[in-house]
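Can you keep this structure in mind? I'll have questions shortly.
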Amino acid sequence: MGKGRFEAFSDGVIAIIITIMVLELKVPHGENLEALRPLFPVFLSYVLSFTYIGIYWNNHHHMLHATHHITAANLWANLHLLFWLSLVPFTTGWMGENYFAVLPTALYGVNLFLAAIAYTILQLSLIRAAGEGSLIKKAVGSDIKGKISIMLYLLAIGIAFVSPTISQALYVTVAVIWFIPDRRIEAVLKDSEVS
Amino acid sequence: MGKGRFEAFSDGVIAIIITIMVLELKVPHGENLEALRPLFPVFLSYVLSFTYIGIYWNNHHHMLHATHHITAANLWANLHLLFWLSLVPFTTGWMGENYFAVLPTALYGVNLFLAAIAYTILQLSLIRAAGEGSLIKKAVGSDIKGKISIMLYLLAIGIAFVSPTISQALYVTVAVIWFIPDRRIEAVLKDSEVS
Amino acid sequence: MGKGRFEAFSDGVIAIIITIMVLELKVPHGENLEALRPLFPVFLSYVLSFTYIGIYWNNHHHMLHATHHITAANLWANLHLLFWLSLVPFTTGWMGENYFAVLPTALYGVNLFLAAIAYTILQLSLIRAAGEGSLIKKAVGSDIKGKISIMLYLLAIGIAFVSPTISQALYVTVAVIWFIPDRRIEAVLKDSEVS
Amino acid sequence: MGKGRFEAFSDGVIAIIITIMVLELKVPHGENLEALRPLFPVFLSYVLSFTYIGIYWNNHHHMLHATHHITAANLWANLHLLFWLSLVPFTTGWMGENYFAVLPTALYGVNLFLAAIAYTILQLSLIRAAGEGSLIKKAVGSDIKGKISIMLYLLAIGIAFVSPTISQALYVTVAVIWFIPDRRIEAVLKDSEVS
């Protein structure tokens, strides 16, 4: 099976997720600054999640670039990732509307953690389909960034019960780590002159 | 008429359906576990429907893969399927918010039943367009899975008035049956070396 | 300018319009038939509008099939059409929630009328870009269906103030007229063996 | 990296933004003209923002037409633009529901201003990727329209605190300036016979 419709469907779902999140920013009734103030934490959490979904789209894009065929297992691994990403608008809204309280901050981390696990499973599934000597296998390499992220998410979930602020700082840290797109894959793609 | 825009439109609608369903998971006002608890059945029904819509996308994808031309009748058969799928967010939300009560559980089954009928009509319509000796005719075969699903939906609708729990178990059973993508089509496609 | 991205954008907007309309079907609080009853007119109006948007997508698709180049004027004529179509979820919801009352029924007609005018403008704009001897000019022909629809919409708007039921019947009539896709275009395309 | 998926993702997000804005037009409870009246300013602000998003799609489309390769920096510059555009439904709704009051009018201008800055950054980022002698560099030229727009937005933000009506007139003025698509790029593309 070709990857065209696979990519198009993923892009569609990710584009909808990144856009409907803004619906959590409910238009306030008043027309002054007071009316806007309670929305500030919701806005901040929106910025964070927009960045995360942007990172996922970016990495998904790069990973698929190093892939040629899609198996049925890949398809389900991808839907599994999209499932956890689809919950990000909910956990983002809950965290924002509760001013980054303990439980919402922890749940946000659980969501990011499960999405990261799903992304890792998708990566492994694509590598298995392509074979051990494949381009994608080389491109992913030891996936240090992915492993660090998962550990930081776990750390942030635990710390949320002590200080949600530190958890938030950890979420921002992981976003910064990933902000720079996956040079490994780009480098390997360039080397192999496949792209 | 080519199938490119046909697939793109179907993908778009299915991607939107699978994503807007999450809007039924309304962000709760409290910040503790109590606030989250009433959402649990809504979440469960979301998982079930996400899987179903994923299965439909998957099967739609495979079926179109064995097709080359799209007629006007195919187009309307497809819109008919998308219509019933578009109601899934509504019936899912109703079932989840009422803790899998009798009538919502039955209506959910009616929705799945009508979507399955619409899928069968689309399949027949594509076969008629392609001809009796066509690839898609061979790929679909006797469509045992489809017939079993329809019978299980009817059973689940009736049983809902006795025990909604058994109906839920039947919905999960059908999802599991379809979870494995349609190997028949893949096998025939491989045999005929068309894909 | 090629028509690929033009079609993709139109498909995206139309797919979103046809799908978010279902959000007007608000999940009711009760779990019995009584809770569902007030939604019945909303459901009926949803069926009607789903059919209309489906017809627009279908005809848009066929019209673009007979076109090769898109000018800046075509682009704006298309956005103008999408604007009126984007209001259909609103006028549909208003009509459904007020049990097909006088003013909502008339406004629905105004919306359909303006969308039809916009479609006619887009058609003329595409013909002007392609030239008088073009395929699309021949395919559109005298556009009798389009002219009849516009007159029936005007009639329905006026009659709504006497009997909304007759207006509804007229809306259904127009939908039935268009339900059969534009054979003229298909026929001309086949003749010219361009498609 | 090719620009196909880049364009598709941008189109998806822009199509969703332009369509979900209509959700701010909440279906009123009454069935008479009185019920519709408070929606009139929301409708007007919707028309304005629909035009703006249409202009952005149009210009984005033209700009990408003069581009061949997309770098990682381009991707983030694009997501940055989409971020500010994604807030347009919110600022539009706030302005419409408050009858074009002072602060909502100013905030709408801030949103347009930041989107314009993001568009300029994307333009510069694409030019840097393509090189100084590139087609896009020539096509963009001195970008007088862009510079005028940014200055008019700043003016409108300031004036909003004196007369929101003048600010609205300025927003309409900028829309009119851009309504005519970017002839510069089309002209250069034609000259170079690349398109």
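When the chains are written out, they are named A, B, C and D in that same order, and each has its own residue count from 1.
Here is the rule we use: a contact is a pair of C-beta atoms (placed from the backbone, for glycine too) under 8 Å apart; a residue touches a chain by one contact, two chains touch by 3 or more.
Values in this document were obtained by computation on a predicted structure and should not be read as measured data.
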item: Proportion of interface numbers common to chain A and chain D (over half same, under half different); value: different
item: Distance from chain C to chain A - Cα centre to Cα centre, in angstrom; value: 37
item: Centroid spacing, where centroids are CA-atom means, of chain C and chain D in whole angstrom; value: 26
item: Chain A: positions in contact with at least two other chains; value: 8, 12, 16, 20, 23
item: Chain contact topology (line, ring, star, complete or other); value: ring
item: Set of all touching chain pairs, with the criterion as stated earlier; value: A-B, A-D, B-C, C-D
item: Interface residues, chain B side, partner chain A - complex; value: 7-8, 11-12, 14-16, 18-20, 22-23, 25, 27-29, 31-33, 36, 47, 50, 54, 57-58, 61, 65, 179-181, 186, 195
item: Chain A-facing residues of chain D, complex; value: 1, 5, 8-9, 12-13, 16-17, 20, 23-24, 72, 75-76, 79, 82-83, 86-87, 89-90, 93-94, 97-98, 101-104, 107
